[in-house]
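Got some structures for you, see below.
Paired with subunit B in one complex and with subunit C in the other, subunit A is shared by the two complexes that follow.
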Partner chain A sequence: MRRTAPLVVTFVVGVIMVGEYFIPHYRYRMITAELIEWGLVLAAAAFVLGLINLVQVNLPKVIRREQDWAYKLVMLIALVCTITAGALGGKDRLGDGQIYKWIFDFLFTPLNATMFSLLAFYIASAAFRAFRARNVDAALLLGAAVVVMIARVPIGESIPVIGDYLPKIMNWIMDVPNIAARRAIFIGAALGAVATGLRVILGIERSHLGSDG
Partner chain B sequence: MTTLLIHLWVSLAVAAPPTGLTVEPPPHNGGLNLDLSWELPEDDGGAVSGYAVLRATDEAGPYVLVADALPAGTHTFRDKVTTDPRVDPLLDTYWYRIVSLELGAAPFVPADPDTPDPEAHASWMLSSFAATAPVVGQPRAVWINTRLGWLHLMALIGVVGGLMLYYARRAQQGEEIFIRRIPGIDAIEEGIGRATEMGRPVLYVPGIDELQDIQTIASMLILGQVSETVAEYQADLIVSCCIPIVREVADEVVKAGFYQAGHPDAYNPADVRFISSEQFAFTAGTNGIIHREKPATNLYLGRFFAESLILAETGFVNRSIQIAGTAEATQLPFFVAACDYTLIGEELFAVSAYLSRDPRLVSSLKASDFIKIYVVVCLLLGTLLNTLGYTYLVQLFTLGEGG
Partner chain C sequence: MPTTEIVGAWISIFLTLCIFSYLYDDNPIYKLVEHLFLGVSIGYSVVEAYFGAFKPNVINKLADGQLTPLVALVLVLMLFSKVIPRFSYLARIPIAFIVAAFAGVKLTGEANSNLMTQVAQSMPNLAAVYAEHGLWSWDADGAGLFSSLFLVAGLSACLLHFYFSAPHQRGMKVVSRFGVLVLMLSFGASFGYTVMGRISLCIGRVQEMLGLNRPIDEAEIIQPQLATLVSLVVIVGSLVVWRVQQSRQRGAEG
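Right after this comes the complex of A and B.
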């Protein structure tokens, strides 16, 4: 029963949700809309569990003064402050002069932007490693990357003789081999996704329940 | 002077209403839409600057405004009669009128500017402009979308499902199923072994998308196999989650994996962690885990976005063995550049079957391979036929709207 019940629920709900694509009748869509809403409610309720997990994982480390406990303390203080500010602010928490909005605008947004901006440096370091011409494949990658990079910057077009051709070569690389490879990945992934979905719905795949099913 | 006279003439002219209004339910429709079409009046684009669509549940009204300021030249409109039939039940009939909006006419001024009043707006339009006579429309719902493309897709899914069950049955009867070697998947077990030898944990990141995303589902299936192997090797596993519901499912999956491996006591719920549902806060938190807990093996399997390279480069600096897998084409180059092994697209969906060595699962890969062959043949044949002017195969793969 411990195994059968989840398999039956998965099969029934899976078939109903797949059916949505082929059965346009509004009465059927009312059923699927209801199921989706149940899912949303469950996902929202999981936030409370996530919050509990966050405290369960980090608070003991602060109490035991484990490595980098101070960062976890900052995180827990930020968590309490943000929840308190949001709760006190209520519906108007995003209004001007609200503490919650201040936290969002002057702490969260700059920190978010800082993390995102790190990407530029990581791209540079990863590209440096990826573009070493160790074999034919890597050399092709390097060649294509150099052409695309130079053609994308204004200085590329001002290079004598080849400057006029660079954008055309770049467009060809982006539109022909690049798109072809991407489409191959998309088609393969889509078929893989269908197969995975069906494996779960039909109960062939039971890894999530323990493999001995 | 002439311009002034023309402007005066235009503003005084009474715009004629459209003619020939028809209201029909669209084919293959779920019953919530009605298609309106009308013939344009002669002064369309001149005295008539546009059109408004009014709807009522009774011929006499009251009418409500459902579309305002459709530009001149518009002669069709699809109206969704109710957005949610659970709240606003669908009726048998709806009445429509189309209003010709006059060029230069004064705009409607509602009694309360902060509260839209579609009924008062419609009433004002009917008293100010010319409108068609009321025309009735009856929504009609169909149960099955009978468009060729959708029927074809339905048949394909049915065939895949049938083939899966067929091959699963044959595998259960003992038939050997060949599956090609995928180095990236072999490396997962090697990576777990390495972590065990080094006495350091394995970090598993199931992407940052919601649970209903198929890549996250595939990742949860892989996590089941990974956690079982980790438990068998008696290594440590840290799962870093961005979505709370994903953490809850991951927690259950890891628990089941440890239980299945015969080491339920080794399972620690604090190792399946919710970090943050914000993308870069999650990235910062996971980077912190990589820096502090120094996992020997990092597995990034699921749907990733801009955080992919930040995570993978941090793992590279930490000298972890890194195996990534995603069907997100834009992130694949980053993983290829920064990770030791990358599972591309469909390989992600084959990992669970490959790792399990379960004949039923492995055999299911064969079913999807047959469909892949079918799609490739259709692609080649479709290209050839389309070049020759025959579009039948293209129509077979054209879905159109879903209704």
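Right after this comes the complex of A and C.
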């Protein structure tokens, strides 16, 4: 029962969802829309489950004052403050003067942008060390990257002779070879998604049910 | 301008420089702000998940007298049984539900949007392209018959490169090699594009620290350049103290 019930649920729900493509009737759509809503609710609940797990793991370490306990304490305080501010704000939480909006504007947004911008230094440093035009493949990789980077800054256009053509070459690379390769990857990924979806629905793929599933 | 916004702008500048201090070394200031960011972002995700999915689909509907959300509520309770090891097997049913629902959506959705549509869009009307742009048009960023044929040939070559049911010999080897070259061009372009995206984010942060992204009257009240200078002094001072403490500890241990 512990193994069969989840497999039956997987099959029934999967077949109903796939059926929507073949039965484009509004009553059937209402059923699938309801199932998707339940799925969204479960996904939201999974965030709370993750939160419980985070507190279960970190709180004992703070209480026992294990290594790096102060950082974990800061994380838990920030977590509690953000959730409390959001709960107090309710549906107006992103309105002017709300604490939650203040947290979003002056903590979340700048920290998020800075974390991603930090990667610029590491990507550039890694590229400097790794990009060597040793063969044709590497030379094409390097050339395409350089053209795209130079063409997107004002200094690129001021280079004599090729300056006028750089943005056009960049657009060609982005629109033709890049699209060709990306489409090939998308088509491959779509075939993989269809195959994996079928395996899940038919119960061949069971890894999501745990090791003894 | 409210005081909270001025304080907020100063704090965001200080936190930005704290994150950038990682470029020097993995230090306690960076770790502290990293954990602050973790806490805030997890809290933000939970709050938005509640107000975006749970409240409208369960609480509001139950308040309207609908009973179908009760099933979702039961599934949520079964999911939470994962916290109690004795009943954790119950969580398999909601996990199976969510995986099956999205596998079903993906199965038809991916086949429709990423497979059929991508294939259909990849075969251009060559006569129309030739009539509009000729073989090659610099004015239209290289659009023309050559580019259209290159797109089809490149896409086919990339797909054949990943086709392993036939050995890559003779003609197949040449096609596969062309596919690799197209992939290299694409990866290089994507890399350059990503780097420029990150750099523009970095420029945005520097503009905020210098007050260049605000109107002059706002910048005069907030004084972002002063905030940057004060933050720099505090962070550099803290890093010096941390380094001295570290070297003393090493000396005592050695």
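Assume the second predicted complex is superposed on the first by the 184 of 213 C-alpha atoms of A that agree within 3 Å, B and C clash if a C-alpha of one lies under 4 Å from a C-alpha of the other, contacts with A are read in each partner's own complex, and residues count from 1 in each chain.
Note that a contact is a pair of C-beta atoms (placed from the backbone, for glycine too) under 8 Å apart; a residue touches a chain by one contact, two chains touch by 3 or more.
The model shown is predicted, which means the values in this text are computed figures rather than measured ones.
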{"item": "First (subunit B), second (subunit C), both or neither touched by A:A130", "value": "first"}
{"item": "Partner chain(s) touched by A:R29 [first = subunit B, second = subunit C, both, neither]", "value": "first"}
{"item": "Which of subunit B and subunit C A:Q67 touches, first, second, both or neither", "value": "first"}
{"item": "First (subunit B), second (subunit C), both or neither touched by A:I204", "value": "first"}
{"item": "Subunit B versus subunit C as contact partner of A:G39, first or second or both or neither", "value": "both"}
{"item": "Partner chain(s) touched by A:F47 [first = subunit B, second = subunit C, both, neither]", "value": "both"}
{"item": "Contacts of A:G188 with subunit B and subunit C, given as first, second, both or neither", "value": "both"}
{"item": "Greater subunit A contact set [subunit C / subunit B]", "value": "C"}
{"item": "Common ground on subunit A, meaning residues reached by subunit C in one complex and by subunit B in the other", "value": "18, 21, 34, 39, 42-43, 46-47, 49-51, 54, 56, 68, 71, 108, 111-112, 115-116, 118-119, 123, 127, 182, 185-189, 191, 193-194, 196-198, 200, 208-210"}
{"item": "For the subunit C and subunit A complex, residues of the former touching the latter", "value": "2, 4, 8-9, 11-12, 15-16, 19-20, 22-23, 31-54, 57-58, 68-69, 71-72, 75-76, 79-80, 82-83, 89, 92-108, 110-115, 118-119, 121-122, 138, 141-143, 147, 150-155, 158-159, 162, 179-196, 198-199, 201-202, 204-205, 208"}
{"item": "Of all residues in subunit B, those that touch subunit A in their complex", "value": "28-32, 84-86, 90, 141-145, 150, 153-154, 157, 160-161, 164-165, 168, 210-212, 214-215, 217-218, 220-225, 228, 243-245, 247-249, 252-253, 256-257, 259-260, 269-270, 272-275, 277-281, 283-284, 288, 292, 306, 309-310, 312-313, 316, 327, 329, 332-334, 336-338, 344-350, 352-353, 356, 358, 360-361, 364-365, 367-368, 371-372, 375, 402-403"}
{"item": "Contact footprint of subunit B on subunit A as seen in their complex", "value": "18, 21-30, 33-34, 39, 42-43, 46-47, 49-51, 53-54, 56-57, 60, 67-68, 71, 108, 111-112, 115-116, 118-119, 122-123, 125-127, 129-130, 182, 185-189, 191-200, 202, 204-205, 207-212"}
